[in-house]
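Some structures are shown below for you to check.
Here subunit A shows up in two complexes: once beside subunit B, once beside subunit C.
After this line comes the complex of A and B, so read on.
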């Protein structure tokens, strides 16, 4: 540790820390453009100048290491003059078009110019002008505004792992761009907009839409993948205008994946915004009363064992528990939340959670990925794996399609379960790498369980974990990576049929709660189907009654991410038309079905959640657990087939109902799908 | 990169040059950068070939260069590799430049992302990222050469090479004229670099004669045009004339 005095305040910082970090530790704000905590230090903007005792010149604090006994001054005439000079140089070629710039109001350059800028320019010459670059459908560039901090170049290279941006030419002709025009092939491109300290990289869908001070900001949580990124929903006049990440070091740090950030325009399109009832074989608009009448007419009095319910990928825990209680009230045990057919073993949380936790990836020292492409299934989590691979020795073994570009080097072990078998008996070469590791982990993709021998895959993966010392009281290395934000919540609430209770026959009534992926061809023709949700495709078309629900931005909801972390989303906009909060719809239906649910307020529903599973009492807090019970799930590894693993997401941009309704995402799929190298030459 | 001339030009035109697509692009003839360098977008470079492959000579040289670096550090060979490309293009097409496909090939051979090669190739003005003339005339315009008459050399290049100014390529594709910064040959100023060779101690007439010879396909002996040995004083040695003991 080094003792540093900053403006008379003595702080102790680790050796090797920068002067800027010492200043921050002392509570001093240092202006900066190129420096970013999560990127490497470039030291090229020179805005962070401070004075150090006995140093003849001001120093760039971001790239200057501390020394014991150093005396730093952050507010002296030398510092102020130095920063003013830097600001003057930065503004030489900056267009000062703040009135038409989307960054206006949240621009670092604008803010610092208030403190260090002059009210006029001494630069008489012509400003340089740079053509705007096309880098894809999401990021708009106005390159004249660029101050060459190279944050975007470093983000692409270091965090996103797609080194496609660079600084070409030099001096006055230096430009940031891809040199060869192309769309950036990353699922994290939206973060470029956040890290750009000026208005050079802005959001294309948000262009000229609003000013930051006009927006109402609501903290929420992203449910479009199972990472559970923390987000802030910015709205104006009842419309979502943009979604931005919130910092949560344990989950998404400060990143957000593009689907979570940009598919919100799908929340306005193709919505189920009023009840529909099927009459004479055709769905017709109806009132809520008519819809409930139709439900009561067909469902009341049906034997419980002939009623079934399924929940989909994006549903909140409140609605799930309400539906579960309603089904219990009707005497039905036919519940299903694994509509993708994934053979998730619901008997113990260990079997379905990402037990190592996302932050735990940083501590792991070997990784085996089975049947998953985390780059497409959880891009933010994948960025963390990538960072871990860069931090030091971290062998990554991959079982899945050959040549998948994960953005980090990996050892391709095989395509299918035969590799699992080899790992099980320890004969595989990767067994040695796992054996050497102290904290090995494996990630099993949910997609690898959605196949006829899914239960066997799960059991085999568990045994691989057990055999390679991943299951210990002090370390849990078994991880299931889910695909969407509602999948874990349903498992936590036990929305599955008891294993020993098979339904006596096909259901006569089926309640689909956001279960759009439910295979409509499996529903018998005379089954009465209620579809409740905000978007509906195939399954909704099959419904007899459609009840319009709320999307994740439109309700107070609880979601559980793949780690089992309980997080709350908040109401940012009101639902369109006659759509209502999902648990309230179910509460109302329970009344007409004669199985009245005992809760009338959100607080009461949440109390019921805690009653069903105590983890819901502690939102945002996650306890890391070791593995206390090494006994595995029910499947039999002996019945593994030889079919290679297929990846569940082939089109990242349109993987869920919201993004499929989004025009922005449609454009991304059009531009990027042929370009994203799904399979590159094996590493 | 040009020297102070760019700012002077801008001042003369009253700063009304902003409309150009590039810093100095508004002017047809700039400091020389545009003659040999693309802007930030390779798609805008005309005549990009569709393929490039190392010939046997380059291949052998590349293997020798890559061997200099420890395994995993092949990217260190990027600058010599780009020189190989430029020389090979000169041999094969008569225009020594580095097309984009060749940069991609270098990236592939050295196991580095293409953008890292683009950055290097566009950073150094010794690499031409645009097609140039058969002979590349590089006039040093830095102070020592300028004091010793680089303006005359420049004028001679324009007159004898039928060039409009810095950044121009002659209509017959023979010469491209660029202004460069200090070539480190100040003692023999003014210096004109022709492709890889330095021609020193030039004046107007000698430069015209040199260009005429180049046009005829000759390559006169590089070095001092007034016959002095390396950088020895003009007219013979001035010191160490007496040999002690004689």
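After this line comes the complex of A and C, so read on.
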């Protein structure tokens, strides 16, 4: 530790820390453009000048290591003059287009110019002008505004792992860009907009939409992947205008994946905004009373075992517990939350959670990925794995389709279960790497379980974990990576049929709660289907009664991420038309079905959640768990087939019902999905 | 067009032309010493409303072009000039405005609802 005095305040910082960090520890704010906590230090903006005793010149504090006994001054005439000079140089080539700049109001340069800017220009010559670059459908560039901090270059290279941005030329003619014009191929490109300190990289869908001070900001949680990124929903006049990440070091740090950030325009298309009832074979608009009458007429009096219910991928825990209680009231046990067919074992939380936790990836020292492409299934989590690979020795083994680019070096072990078998008996070369590791971990993709021998894959993966010392009281290395934000919540609430209770035939009535992925062709023609959800897709078209619910930005909801972390989403905008909160719809339906649910308020539903599973009592907190019970899930590894693992998400941009309705995401898919390779004419 | 205005225009300037709306354009006989160019003005056909001037004559009137532009329509996309109608019964009003029936779209128009078959 080094003792440093900053403006008379003595602080102790670790050796090797920068002067800037010491100043922050002393509570002094240092202006900076190029320095970013989560990126490497570049030291090229020179805005963070401070004075150090006995140093002849002001020093750039971000790239200057502390020394014991150092005396730092952050507010002397020399420092202020230096910063003013730097600001003047930066503004030489910066256009004065703040009134039309989307960064206006949240621009670092604007803020610092208030403190260190001159009120007039001494620069008579012409300003530099740079052609704008096309870097994809999400990020808009206005390269004249660039101050060459290179944060975007470092983000792409270090965090996103796609070294596609760079600087060409030098000095006055330096330009940031992709060397050959192309769209950035990262799922984290939206973060470039956040880290850009000026308006050079701005959001294309949000261009000229609003000013930050006009927006109402609501803290919420992203449900479009299972990471459970913390987000802030910015709205104006009942309309979501943008979604930005919130810092949570244990989950998403300060990043957000593009689908979570940009697919919100899907919340305005293909919405279910009124109840529909099928009459004479055709869906017709109806009132809520008519819809409930139709449900009562067809479902009341049906034997419980002939009623089924399925929940989809994005549903909040309140609605799930209400539906579960309603089904229990009707005497039905036919519940299903794994509509993708994944053979998740719902008997113990260990089997479905990401037990190592996302923050735990930093501590792991070997990783085996089975049947999953975390880059597409959980891009923010993948960025953490990538950071771990950069931090030191971290062998990554990968079982899945060949040629997948995970953004970090990995050892491709094989395509299918035969590699799993080899790992099971320890004959595989990667067994040795796992054996050497002290805290090895394994990520099993949910997609690897959505196949006929899914239970066997799960059991085999558990045994691989057990064999390679991943299951210990002090370290749990078995992880299941889910795909969407509502999947774990349904498992935590036990929304599955008891394994020994097979239904006595096809259901006569089926309640689909946000189950847009439910295969409508599997439903018998005479089954009465109630679809409750927020977007219309194939399953809604098959329904006999449609009840309009809320999307994740429109209700107070609880979601559980893949780790089992309980998080609350909050109401940012009101639902369209006559749509209502999902648990209230189920509560109202329970009245007409004669199985009245005992709760009328959100607080009462949440109390019921805690009753069903105590984890819901502690939102936002997650204890690290070791593995107490090494006995594995049901399933026989011997019955593994030889079919190679297929990845569940082939189109990252349109993987869920919200993003499939989004025009921005459709454009991304059009630009970024690998097209069928064209044959070259000379061939 | 008052008699005095016509008289003073005829004395101090010369008539350049008349546009398709009947507005008459004049140019002064001598150059203004400050600007080094002659004054240009218009006598409106009807109440004084500067937005009555079509773009071809607007350019001439503001000394953008030395001579008035041709008034013949050249492109298919060109629209006929229209004076500012604000404050008149013909003013633009968005759909759902009280003066144009007052019937708003049921969903407010800010989202697109799903219908079966879509």
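Criterion: the second predicted complex is superposed on the first by the 674 of 683 C-alpha atoms of A that agree within 3 Å, B and C clash if a C-alpha of one lies under 4 Å from a C-alpha of the other, contacts with A are read in each partner's own complex, and residues count from 1 in each chain.
Keep this in mind: a contact is a pair of C-beta atoms (placed from the backbone, for glycine too) under 8 Å apart; a residue touches a chain by one contact, two chains touch by 3 or more.
Note that the coordinates shown come from a computational prediction; the quantities given were computed from them, not determined experimentally.
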Let's test your reading of the overlay: on subunit A, do subunit B and subunit C clash or fit side by side?
fit
Which superposed partner A:618 touches (first subunit B, second subunit C, both, neither):
neither
Have a look at where A:180 lands relative to subunit B and subunit C in the superposition and call it first, second, both or neither.
first
Applying the touch criterion given at the start, work out whether A:166 contacts subunit B, subunit C, both or neither, answering first, second, both or neither.
first
If we overlay the two complexes on their shared chain A, which of subunit B and subunit C does A:126 touch? Say first, second, both or neither.
first
Determine, for the superposed model, which of the two partners subunit B and subunit C contacts more residues of subunit A.
B
Here's one for you: vertex at subunit A, rays to subunit B and subunit C, all C-alpha centres; what's the angle to the nearest 10 degrees?
70
Closest pair of CA atoms, one in subunit B and one in subunit C, after superposing: how far apart in Å?
21
Which residues of subunit C touch subunit A in their complex?
106-108, 110-118
List of subunit A residues in touch with subunit C within their complex:
238-239, 267-274, 276, 282-283, 535-536, 540-541, 576-577
Quick check on the complex: what are the subunit A residues that touch subunit B?
124-131, 133, 143, 157, 163-173, 175-181
Subunit A partner, complex, touching residues on subunit B are 1, 6-7, 10-11, 13, 15-23, 33, 37, 39-43, 100, 113-116, 118-119, 122-123
